[in-house]
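In what follows, structures are represented as structure tokens.
One chain, chain A, appears in both complexes that follow, with chain B as partner in the first and chain C in the second.
Here is the complex of A and B:
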């Protein structure tokens, strides 16, 4: 028998967690279940379909656009995850040397892009990189000797989407790294200085190993985030030119919402879901082991 | 001539001067302690010797070489930090080997030197441990080991024992004293604890407000303080100060009366003459006050407040008639009851007289 006090406590606990559990089940768990279930049917976007087993998945294996999307998503991840992390760390190492209000000001400047909505970011960069009137055209001309409409060039398009993404999201990584660097006591560097360590040795032997947990976290967050690339591509290149920036989430969008193939769209989504779960868990574990 | 010599050394942070024209000489192999209340500039002075703080004025020389503007790493000094500054990701061995591996010394040499230092500090069994697996005292020893391995000309200690509990502090104090005897290097040690200073030092430098108050051997400072600050700071519990007035001043001797014992004049030696009626302070150590009336002494009446009992001795806190607080050491069995009137006797030869600005009259 529960005493009345125990019962009151249990009731309070249930009431407290209920909002979360209900929300989680209705807007996360159930849709995920539906996604898995749909991927084994030939359902359209609205309404039920017939159970067709693995037919959707087999169909994907015969679709060239699927492989292009997998390839492009991988390429985008390659162009953003490690560079974004390194740029964040590099900037943090410089910003952390500044003192007082100057450091706060510089931090604000670097963080500003992060609070912009993606549509504003892409609009800014479409103007900056515009072939006719963008201010960056001089820089591009300097390196290539000619004007390039970067979002209409299959070689330039994806790297430019990556560049914009790094510019947009780097402030957040910078902030995480600054927090990590501030946690390293100044004594460590003073002791190393007395021992005759050069700046590079200080970085290599003190900063890098001690900042590693933050680096691992940033890499993992970046990986998850960048695998879900959609907005920038959709707004700037729409997957083109010649599908050179077509990514997995865009394929989900195309199959489900444009072609009314709910089942096939779900199959692509399941595929992406599994990749993200596997890769991020694997990566985080690997990085943690290395850091030990 | 080797050792450390500071000549007219000063330091300013912006417009604020924190170290004022310090002159100190520390002999080769000497154990010098900088002591003073927090904010007196003792740590800053140590960091200036280390080269971690820039020197605004004056000259610092080590082994008769001017190092005032030399890089920290080129001064031949090793420092033990208050926080120990051990690298958490490195083992004890790697922490101790850090300076040598930075300098790319051969493996065999590193191995030999680290093992030798670990032997001295009784850390041989812990070389593979991480700092987080060690106790406070062991971490402290690793920090010292890191300094020993470098074979520096000078060891600098910045309040190294302040993070340890009382018992361990006493133990580590002995270890540091033993280490100094064993390796015989010049050591400079910063502390706010005058007991540490008294027990460890060959030479104590008392600092207050960035100004050197007095330099000398521990007993010299205890027996012969130059001013009220040193008199009050050195010795535990601190010296008692009583107000007094000059009754008559002949050359070489002053006749004074305590405010708490009017009508009982006595003489103290003083070169400088002072006008009659001038207020001065008389200092007396708790251990130099006798309970009860004694022949030939200055009698004083007071009220007992409470006793700090230590067993063999007890410290009686009392209030004089004019409301001055006094601490009296009680040895043996005799313990007055609280709130009881008591009689005390001061021996004139154990008294210190200070002018109104705290300067010793002698």
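Here is the complex of A and C:
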């Protein structure tokens, strides 16, 4: 009696998890395995290859473009992660002071870019930053005294991609910070003001320490997200000029899809995969330690 | 208790200025799209001299936008429905039914949260090729179906439904499928809408995978297709902006209509209760 009831239970459970588990094994787990397997072969994109051990990885170590990509990915992360977090906090501090419909309106203005497709974002900014007719040329001229084709200039290209990225992705950080700020009890500020604290003191002694958990969360989420940079770079600069914006995921794309080196492309993918998983595990540990 | 006066007003003005600057590129895109191509490159006008919709006419009738729209709608709606369905069933089983391997499965799903799907594109492409799904809706859809966070969020919500409810339904002779679809899902309707909307937005916005798996222009999604327009016709900014605005419309509307839900879903998926 009891065992048959348990059997029915298990059967129901299996029926319920089956669609997810089967899909998971096919389009997720198997590709993870296949990525590792391919990286040890000389396979083209489509078709079989021979087992060549670590030769692909050794090849990468001798490839200049690989180091350029690692460097550029790091540079992009540097240009986006901390700035994007600070901008998010700054904007959130502004938005929470507002009330009613005004707050909703301002929030929409700040948040809207986040839900746009990446290609829409890059099209808009290519127009805004157009060397000849773009509206931003006035600003650029004001500061540099000349017109610059920002996506064709090795110095300007990456910072501009980073700027566009901050504009595009900041809405998410903003939401997290607003939620965090709303959780800080208002009495803290009232008490501080009674004691005659300045705005800066309030921020330094109350807001900053209490918002820190959210800041740490945003920083790590940003780090993981920005390591995966590809779309914006590909659409705005295609990695140029002179590879000054070439990034890791683009190297995966180039080796596997352009040059038909499925094996070598997978090796780069494995490298990126390992970095991101390491960062994620560290983040998880950090969050757990803090949760205690 | 507020410090009134000059400081506050200055801050308010500053906030409004920053907000307007932030949204300016969007405004500029809209304004550009309703100017004649001539005015776009000859004058800097913040309000067009004449309203001209020829760029939209071009976008709608002289590009493949219509077929891209169909592709995007079909694939993102399918992704949304299937993701919600398979995740909700899996989450219910994980939350309510005791079966062997349940902890292990949940552990694996939690861990999958960390796997960057972008790193899998090469092997997923090989797989889709084997299935004969390159350049098809199926090829675009399949790899987007695993969203571990949806399972995790649903499980957390189901965990907090009072156990007595399920017991009572059981006594009334309901099976687990009935309990899920008649009781648990309606009880958590809010979170379902939130997750569905965000999944739809993410699927509509997906770029890398649809870009890799489609190579004929007719099969592209909107997000990928619009990058083809300037290649084919040379740079015409009013047209580019009209195309971009039409491409963004379905997600912008989804957000504006369901702001609260979008916010809630984003909070939940980052581990903050909304």
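By definition in this document, the second predicted complex is superposed on the first by the 279 of 292 C-alpha atoms of A that agree within 3 Å, B and C clash if a C-alpha of one lies under 4 Å from a C-alpha of the other, contacts with A are read in each partner's own complex, and residues count from 1 in each chain.
Here is the rule we use: a contact is a pair of C-beta atoms (placed from the backbone, for glycine too) under 8 Å apart; a residue touches a chain by one contact, two chains touch by 3 or more.
Remember, it's a predicted structure, so these values are computed and weren't measured experimentally.
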For this session: Give one of first, second, both or neither to describe whether A:190 is in contact with chain B, with chain C, with both, or with none.
Result: both
For this session: Examine A:256 and indicate which partner it touches, taking first as chain B and second as chain C; both and neither are also allowed.
Result: second
Exercise. In the superposed arrangement, does A:91 touch chain B (first), chain C (second), both or neither?
Worked result: second
Exercise. Should A:113 be classified as contacting the first partner (chain B), the second (chain C), both, or neither?
Worked result: second
Exercise. Which partner does A:12 reach: the first (chain B), the second (chain C), both, or neither?
Worked result: second
Exercise. Looking at the overlay, does A:128 come into contact with chain B only (first), chain C only (second), both, or neither?
Worked result: second
Seminar exercise, completed: In this superposition, the partner of chain A with more touched residues, chain B or chain C, is C
For this session: Would you check which partner chain A:38 touches, where first means chain B only, second means chain C only, and both and neither mean what they say?
Result: second
Problem set entry | Interface residues of chain A shared between complexes with chain B and chain C | 190, 193
For this session: Report the residues of chain B in contact with chain A in the complex, numbered from low to high.
Result: 50-52, 72-74, 77-79, 81, 83, 85, 87-89, 98-99, 102-103, 146, 150
Problem set entry | Complex contacts: residues of chain C adjacent to chain A | 1, 3, 7, 11-12, 14-16, 18-20, 22-23, 25-26, 28-29, 32, 40-41, 44, 85-87, 89-90, 92-94, 97-100, 102, 105, 112-127, 129, 142-143, 145-146, 151, 175-177, 180, 201, 204-205, 207-208, 212, 222-224, 226-227, 237, 240-241, 243-245, 247-248, 251-252, 254-256, 259, 262-263, 266-267, 270-272, 274
Seminar exercise, completed: Listed in rising order, the residues of chain A that touch chain B in the complex are 185, 187-188, 190-197, 201, 205-206, 209-210
Problem set entry | chain C-facing residues of chain A, complex | 9-10, 12-14, 16-17, 19-21, 23-24, 26-28, 30-32, 34-35, 38, 45-46, 91, 94-95, 97-98, 104, 106, 108-113, 115-120, 123-128, 130, 132-133, 135, 167, 172, 175-176, 179, 190, 193, 199, 217, 221, 224, 227-228, 230-231, 235, 249, 252-253, 256-257, 262, 265-266, 269-270, 272-273, 276-277, 280-281, 284, 287
